[in-house]
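Sharing a structure, written as structure tokens. Questions coming.
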């Protein structure tokens, strides 16, 4: 059985994922200051705090930060799915920007929707952490190495 | 006529685009230290210097930086196309990661392939600045505001 | 308010959507023989019956039919959202193929996730009509004319 | 070396690709009546004749047919690249619709831009066969089985 929910490793802790953020990613990605918020067997939520360094003129969260946070959160969701870090690489990512986000942190929820032997598929929702309204949706394909 | 090459505003200068990089984008995006390299009527090339802050474990350029550079370069290509900055927003971006990039800067070439009244389409190629081999391809849709 | 659920036209009937399938689409698309199965304010499900004309060697449903059914179902979901047909055109569609589908009809569920003044965003899930397992996911951007 | 142009099997013939169209694809896909037009080491062009069965109200070529033709042409381009049919499956396809096509056949050119051990990447351009103007662009990821 190869559905994401079919196997059940011990659930990885928020602390382990937070530490992975500090170890596995480039310093420039770490500058997003993502905070792991919730962990489920095939899904991880991180919060992207609002900061002036991420804002475009006008104060909206820049799309580049949304894409980076989405891709990063999916690596953590794969860790949650597999129970540990597994070398992987992003093959393809598609992102839709639904509306701007202003004046509130973003909640980034990445979910593994299918993990096979060599490929994994995931989906990411980014919403306002205060109002819960979706601002960005992404889908990704990862190669498992 | 609505093909990108059909109108011909005076070509915007590299300096003007370099200045736009310093003014229009979030500080976190500016930390990529993109340098405008070449300008054509519907196309702009920027160089993304290699830096440790953009490297994953193993020294490869992180995909998040590629996506951010691609989206940013396309804003400049739209400036080249229109002859000036025009407010716009990314609607959708799709990125394919063909192979890793290690040990050389990246050249990011963004081209406007169609600009209508309310939507613009573009394509981005990222290649090694030394070997010229493509490592990443992206396509984007922008809403013109 | 412009969220899909914020307005509430009278819900369009299955019959009206079934008739739209026979009137608005190309004969080659009609040859898919889609049947409208369920209608909600921002979502429509259609069933794609299994037929030999849609099967690749090996008996799996061809991906071309999945993409065509997904795009078609989204036009119906926009009708459900707006309460009537509204001229629109697909701007962009991204499709991920999760696993093959064999020996059962496909259920195609299209949902409008955001409809603004000039653009609408939607997501489509295709699953086996018998086992409910997702085989394909797609996201689309439409221009509202 | 693993670039598409680095190896050189004997170039597959147009006739062999035309026959593959009649053997490998679902009858509903064959109803597109694609004609192989040109073959190069990593690229194949097919012509999609205009027919009323593919036209939406208003006479424009339906997007569903463009996506189906693009995906199909890429299978042929992979045959050209490998010198023979190799089992593969579409993992992901992203399509942008640039403008409508009316009153002329479509030329669909699929190019392999990277073929590795387990994944292949390609890009497709669809243009008017008479005026040469691009109407649709797509990018695809295939799994090589």
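Assorted remarks:
Per-chain residue numbering starts at 1, and chain names A, B, C and D are given in the order in which the chains are listed.
Basically, a contact is a pair of C-beta atoms (placed from the backbone, for glycine too) under 8 Å apart; a residue touches a chain by one contact, two chains touch by 3 or more.
In this text, all values refer to a predicted model and were calculated from it rather than measured experimentally.
Interface note: chain B and chain C, two copies of one sequence, contact each other through mostly matching residue numbers (shared numbers exceed half of all numbers used).
Greatest centre-to-centre distance from chain B is found for C, with centres as Cα means. The interface holding more C-beta pairs in contact, when B-D is weighed against A-B, is A-B. Measuring from the averaged C-alpha position of chain B to that of chain D gives a distance of 27 Å. Mean C-alpha position of chain B lies 34 Å from that of chain C. Chain A and chain B, compared by their mean Cα positions, are separated by 24 Å.
Each of residues 91-92, 94, 96, 141 in chain A touches at least two other chains.
Within the complex formed with chain D, the residues of chain A that make contact are 91-92, 94, 118-119, 141, 143. For chain D in complex with chain B, the residues that touch the partner chain are 3, 94, 96, 98-99, 113-114, 116, 121, 123, 133-134, 137, 139, 141. Chain B makes touch with chain A in their complex at residues 23-29, 31-32, 51-57, 62-65, 67-68, 71-72, 89-97, 100.
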